[in-house]
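Next come the structures, one after another.
Common to both upcoming complexes is subunit A, partnered first by subunit B, then by subunit C.
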Partner chain A sequence: MKRVPFFCIAILLLFFGTGEILSAQARKQLGYDWQPSQVSATYQFTLDDYSFQSESGSVQRTRLNGGGLEYASRKLYPWEAVVSAQYSGGQPLGQHLLTLEGGAGYCRGYKRWVPFGRVLAGTARTSSNDDMYLYKGAKWGFAVGTSAGVDFKLTPHFGVRAFQLQNQYLPFGSQGSVYWSFSSGITYHFHS
Partner chain B sequence: MSLRYRSVAYCVVALMLTAFGGEWAKAQAVDPLVVKMAANENEMLRTIGKYTPLVETYLQIVKKSDGTPVSDHYWLHRIELNRAIAINDTLYNDPGKQQSRFTKAMSLATLSIRRMPMSFSSSGFVEMLSPDIHGFDPKNYAIEFLHNEFLGGVRVAVYEVTPAKKTGYFRGRFWIDGDGHLVRFIGAFTTGGTDSHPTFTHFDSWRYFVNGMWLPAATYIEQTVPDGVLHGQIRIWGYGLEEKYHEYSSTSVTVSVDNAVDHSTEGVDVDQMTAMQEWKNLATDNIIDRMSRSGVLAPKGSFDKILDQIVVNLSIPNNLTFAEPVHCRIMLTTPIEATTVGNTILLSKGLIETLPNEESIASVIAFELAHLSKKVSVDTQYAFADSTLFANKEANKSFALGHSVKDDDDAARAAVEMLKKSMYADKLDNVSLYYQQMSLGVGKLRELYHPAMGDSLISLGGRPWLLAHLEDHSPRLEPDNPRQLAALPLGSNLVVDPWSSEVRLNDAPRLMPLTGDDKHPFAVVPVYFRLRFTPASAADGANRPGETPTAQAN
Partner chain C sequence: MKAKNSLCVALVVGMAVVLCPGITLGQKSKPYIQIVDSAVSAVHVASSSQIINVGQPVVIQANVDPTRQGGTTGTVTLTAIGSTAANTVASAPIPLTASGVVVWAPPLLNTDTYSVVAKYSGDSNFHPSESPVFTQYVADFAVGLPKTITIVKGAAVSQSLSLTSLNHFSGAVQLVCSGLPYKSSCNLTQNSLVLQAATTGAADPVTTAMTIKTAGETVTVVGSFLFFFGLGGLRRKRRLFFPLVVLGFLAFVVGLAGCAGGNRYMQNDGTPVGSYPITLVATSGGISHTSSITLNVVAK
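Let's turn to the complex of A and B:
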């Protein structure tokens, strides 16, 4: 039963991916290696790189939930200039994490699929209700994020971010921290 | 059955009746001329399925601002519409296959870090020969009558066509004659992609009345694309190729011997020179025959005689004598090239179309005559018939008929000397202007200037061969001067019969450009046929039984 949603998504993607071919009478005459600039809004799930032992003795991994907003300019396609803002928060320490980053990426469209990879750098701010493992007061620092993912175009203007995996190096802790995030969401493409 | 189920059943029946009733009403509402046109169109598609015409597509992208060329693209197809009415096209020239593995790997590596150039589906352009290559069904469209008008001498009804479905269906206008034949359609396969990056082009497609049928003959393409404006032409010819050669093979030949001459007194033996000459002639005949069968070479026609006269005009003052008389033939392809096969000079249609005057034509013929005067060369491997037994689709690339760079250089020098001694001596300024104009497109119009099998008129350094020897005659090129016609647009001068592939001179009076913008040298310009009634065409016996010829395009 767990596979049902996966199959549903796969069938939907297949439908959207081939819909144009099925309905077309004539073959397309022109093709472009081009992707429009886009903005994306995503849900983000983040795993911190540390766990806590709860009072019951079980190990509890720190998980954050949040969202991100990102703009990718593709005027120099296949290269892209990206700015990103992400916020997430979660338990058990009531942590809040905000990252503001900018950087460069590379993407390549294949039919409706657009895989991409990015390296971003910027600043991160964190705060929590704990002062032992995290910081109760807000702390800022330099952050570096590398990510890769795949977008899927549903219409010329709208699409979905199938997934994005992100590795964030954050300046917190004596040796820094590495957080892993999974994102998924929607995209809007700008056509001039 | 409970009341609830009965209500549902009534609803379903009512919905079905509404749906089918709507369809029926819609079908009843279609104009009878459109219904006839659809039947004729599908019949035409079935009919041309018997033939395998050649389809040549040439595209130029020019800058929006000043019309200067950016790039060009070329395909030559031979199409077969099979029973399923789907295009089975074979490319004569496949640019991708000409690259070595190393070049392909290098270009892939380069393209991985930058945007790939715009790509074209050559088969997608071939589909423009009909508004629906899979069979036209009026139910898929909303077709509204606009008005009646004349296209040349043919009275036609004009309809606006909107597709019911979205992508890939024709949207535009139909011109339908009184017998329900589609003679012209303008529009596009409904735009896909975005406004800035369209995936379909707009086009104007014309039919040509030939051999009792309205057959697809030419299409003009125009579309704004990110790199500029795309202009293109699709030309179709060679419908009668299969039939012609089938007839030849199945006709029993009766030879009249009434006028036979007895050469028995000359002896039965031949000398070595004659044997060698016959061997070369055999190779020449094999090549010419193979090119004709594949539809690349036009049959002998009236225009060849004009070219042959230019050969005479050059030969006599230069005291050129040849073992066999020299003749000219036209290759039906657009890339600008010329070459020799034995004692035959081959000139491409694209070359003749762009040459603005007789002296410019003479310059190209002189170039090839110079090759011939040096040595009548033909690769005698083609004397073996098996060496020309290859597929039609390979005919254009299997003959390597070009001369060496050194030969071309020597021939260019000799050609200019030849011209200086001929009746064209005082018109060499015009010749120079043609090659000056040609040199402006070097590097941009790669496909137009790239020969498929013969000699390029441009040296490896990018300078036209003859221009280097015309330094005494180098008037300034004046693009803005409408009086100075350095080169003509593609499609000028010649008319090709789509059925027989015969070439004749365009008999329309040539109008002088009013401004420099009207000149369009080496450019693709719109197609326009003046359709007219020619009842005489019924008398030539070439029509199909039961078909009434009504009009012909000119």
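Let's turn to the complex of A and C:
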């Protein structure tokens, strides 16, 4: 668990590093646009660090599909206050994963593009049809999520989330679990 | 010369008349009847091996005594009488060879103790006869084991298995267990048991233990993904840190594409709950006995 904060910092550094490299070339031409608060709905594909060995000997990796809802308040732009709810399920163990998190983010708007990075924390619940992690029932635990992505504004109110890459560290299993997710979806911007 | 011969003949006849007054010259004697009765015969039976294993061929030979110069004729019928009536077999009448021998290969298909008897039909020179009983053993062994074994998933159970010599069987018997469900095993304390024929009465069984193990549900840590966490040790090596973060990011993308190999957790559900037929094969030479055990794997 001591490494988790460091990982979050790493993600942010990646985000900022990418942003700074981009901005170094375009700093003179681009100004940082103010960005409104937004809500996003995304499809999410998740890979677990968990696999199942079947009777035939083949190893099947757990893959989850689901969705997420997220609200990002940008009253302190470029800083964000973010709350997120994600749910996904998949095979081969029939896992259902729910995460409810809140945290801080940072974003910068470059014309239509808005790269962002977030660090969230909250709770997660896992359950399965096949005693995943040897849990006989549902299990709750503390979740830490770190993500980075890019939104693209189509209109003043609507946009798309081009992609969001997310790492979640969950306390499931003897050594904790790591879930990697790719998300894409739509965004709605609140203009006061 | 003629006169001398005539004188001698007359002298002999005269003496015969004087010495044997019963003789009447010029008459034939009464016929003498000599009766020659058939001789007593004897038959003896022996086999190529008094103890054979079931399925093994055997040759039974009957000898008729005495033999007559010029050939003993007649037939011999052999009968192997099992202790179970259904096992009894008999030959057709078999003509004797010139040396008074008959050979028979009876189909002794079942384990039993057979009483073999030969009956000689006799001929013009010999009376019929019957041989003493010859005991022929068709040996086998019996396997004793439970019909059903119930085991809790993830547990092991040990059961006794016995082999018993039947009809003077002796030899080594190999045991093989098969047909087990996923993630389970069958181990025999001894894969080969040696059986001895009993000197008197029934043989004592020889036992060994058969242990069946099943696997429970397990989760193991089998490897490691290239996670950003692994870069924690580089916090102080700032020059390497950022490139490695980028490298980690690339690894992440590769991992999402399904190209990453390692996994951190591996779950195996162990032996599935259910009912399975297990086969135990006991083999010795040409004898093979296949027994079936029903293995019931039940949940905890």
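Just so it is clear, the second predicted complex is superposed on the first by the 157 of 192 C-alpha atoms of A that agree within 3 Å, B and C clash if a C-alpha of one lies under 4 Å from a C-alpha of the other, contacts with A are read in each partner's own complex, and residues count from 1 in each chain.
Just so we're on the same page, contacts are C-beta pairs under 8 Å (C-beta built on N, C-alpha and C of every residue); 3 or more make two chains touch, one makes a residue touch a chain.
Please read these numbers as outputs of a predicted model, since none were measured by experiment.
Student: In the superposed arrangement, does A:Pro78 touch subunit B (first), subunit C (second), both or neither?
Tutor: In the superposition, A:Pro78 contacts subunit B only.
Student: According to the contact criterion defined above, which of subunit B and subunit C contacts more residues of subunit A?
Tutor: C
Student: Contact-wise, after the overlay, does A:Thr123 reach subunit B, subunit C, both or neither (first, second, both, neither)?
Tutor: Touch status of A:Thr123: no partner.
Student: Give one of first, second, both or neither to describe whether A:Pro156 is in contact with subunit B, with subunit C, with both, or with none.
Tutor: So A:Pro156 only meets subunit B here.
Student: On the A-aligned overlay, A:Asn65 touches which partner chain: subunit B = first, subunit C = second, or both, or neither?
Tutor: In the superposition, A:Asn65 contacts neither subunit B nor subunit C.
Student: Once the structures are superposed on A, label A:Asp33 by its partner contacts, choosing first (subunit B), second (subunit C), both or neither.
Tutor: After superposition on chain A, A:Asp33 lies in contact with subunit B alone.
Student: Enumerate the contact residues on subunit C facing subunit A in the complex.
Tutor: 182, 217-219, 221-222, 225, 227-229, 231-232, 235, 242, 245-246, 248-249, 252-253, 255-256, 263-269, 272
Student: Any idea which subunit A residues touch subunit C in the complex?
Tutor: Against subunit C, the touching part of subunit A is residues 2-4, 6-7, 10-11, 13-14, 17, 45, 47-53, 55, 59, 61, 93, 130-134, 165, 167, 169, 173-175, 177-178, 180, 182.
Student: So in the complex, which bits of subunit A are touching subunit B?
Tutor: Those in contact with subunit B are residues 20, 23-34, 36, 77-78, 156, 191-192.
Student: So in the complex, which bits of subunit B are touching subunit A?
Tutor: 113-121, 123-125, 127, 132-134, 165-170, 189, 192-201, 223, 225-226, 230
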